[in-house]
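Each in structure tokens, the structures are laid out below.
Both complexes shown next keep subunit A, but they swap its partner, so subunit B is in the first and subunit C is in the second.
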Partner chain A sequence: MSIQDTIRETVTSNPVVLFMKGSPTFPQCGFSARAVQIIKACGIAKFAAIDVLQDPEIRQGIKEFSSWPTIPQLYIKGEFIGGSDIMTELYQNGELQKMLEGVAAE
Partner chain B sequence: MVTPDYIKQLITASLPCTHIVVEGDDGTHFSAVIVSAEFSGRNRVQQHQLVYKALGDRMRDEIHALSMKTFSPQEWAEQQG
Partner chain C sequence: MSDTIRLMQDKLATLAPQHIDIRDDSAKHAGHAGARAGGGHYQLYIVSDAFAGLTTLARHRLVYDTLGEMMQVRIHALSISAKTAQES
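Presenting the complex of A and B:
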């Protein structure tokens, strides 16, 4: 399986996936820390967190997968939602909460 | 050292902007507010992808972090109003 297939499978088999630097408990970058905080603030306690620092192939592959050069990256039900700026904006205007509503229960 | 002006030049060289402000003085972390007609009809992800495309490999090699807010001229007018 190619790295692109692996990524596609990861984002489609988990309802909420965050590609980040470090872990939710120990984020290694301020932007990743903010992304984790926002997801938790939306009431999502359990989500798939992929630490790109553990795997150079995924770190590079995820950037190609989404044509997005930066980490973190949030996926909901297989769809790329954005990085930490977009997550912040969607959270502030209440859209992210709506997108995540019900997803947690699945 | 990468300066806000340098980033501004890179972006405006391939993306026509009606308004652009880039800030940041540590050489690696920057923030930008960008208004472009090219953003009209595109969602936020697509808008940011256009900026990343303009920055190309420099985004990977020289710029550690660019925090941005993008607006179409119409979104910008609403924002100001």
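Presenting the complex of A and C:
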């Protein structure tokens, strides 16, 4: 399976996926830490977190998958939502909470 | 002004910004794991009517596309605030 197929499978088989640097417990980057905080603030306790620092192929592959040059990257039900700036904006205007409503229970 | 910031301004000039402010935050991140590969941390505030009618995601994509390969090498992280003149 190619790395793009692996990524596609990851984002479609998990309702909420965050590609980040480090883990939710020990984020290795301030932007990734903020992304985790926002997801938790939306009431999502369980989500798939992929540490790109563990795999150079995924680290490069995810940038190509979404045509987005930076990490973190949030996916909800297979759809690319954005990085930490966009997550912050969507959280502040209440849209992210709506997008995540009921998703984790699926 | 640093070379990178000047280059960013040159590239972003194609969006005809009414206002542009780029801050270098690299010093705050020196030494952390992600910064080791080189490339700086920057904060961009840009006002342009090129963003009219675009979602935030599309606005950020437009900025990334305009900066092109700079995102691969010189810029490690970029915090973006992209507004239209009406919103600013």
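The rule we apply is simple: the second predicted complex is superposed on the first by the 106 of 106 C-alpha atoms of A that agree within 3 Å, B and C clash if a C-alpha of one lies under 4 Å from a C-alpha of the other, contacts with A are read in each partner's own complex, and residues count from 1 in each chain.
As a working rule, a contact is a pair of C-beta atoms (placed from the backbone, for glycine too) under 8 Å apart; a residue touches a chain by one contact, two chains touch by 3 or more.
No experiment lies behind these values; they were computed from the predicted model shown.
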item	value
Partner chain in contact with A:Glu89 - subunit B first, subunit C second, else both or neither	both
Touched partner set for A:Lys21, first subunit B, second subunit C, both or neither	second
Contacts of A:Thr70 with subunit B and subunit C, given as first, second, both or neither	both
Partner chain(s) touched by A:Gly61 [first = subunit B, second = subunit C, both, neither]	neither
Touched subunit A residues, subunit B compared with subunit C	C
Common interface positions of subunit A, toward subunit B and toward subunit C	31, 67-70, 80-83, 85-86, 89
Complex contact set, residues of subunit C against subunit A	29, 32-34, 56-57, 60-61, 64, 71-72, 77-81
Touching residues (chain side subunit A, partner subunit B) in the complex	31, 67-70, 80-86, 89
Subunit A residues touching subunit C - in the complex, by the definition given at the top	21-22, 28-31, 53, 67-70, 80-83, 85-86, 89-90
In the complex, subunit B residues that touch subunit A	44-45, 48-49, 52, 59-60, 65-69
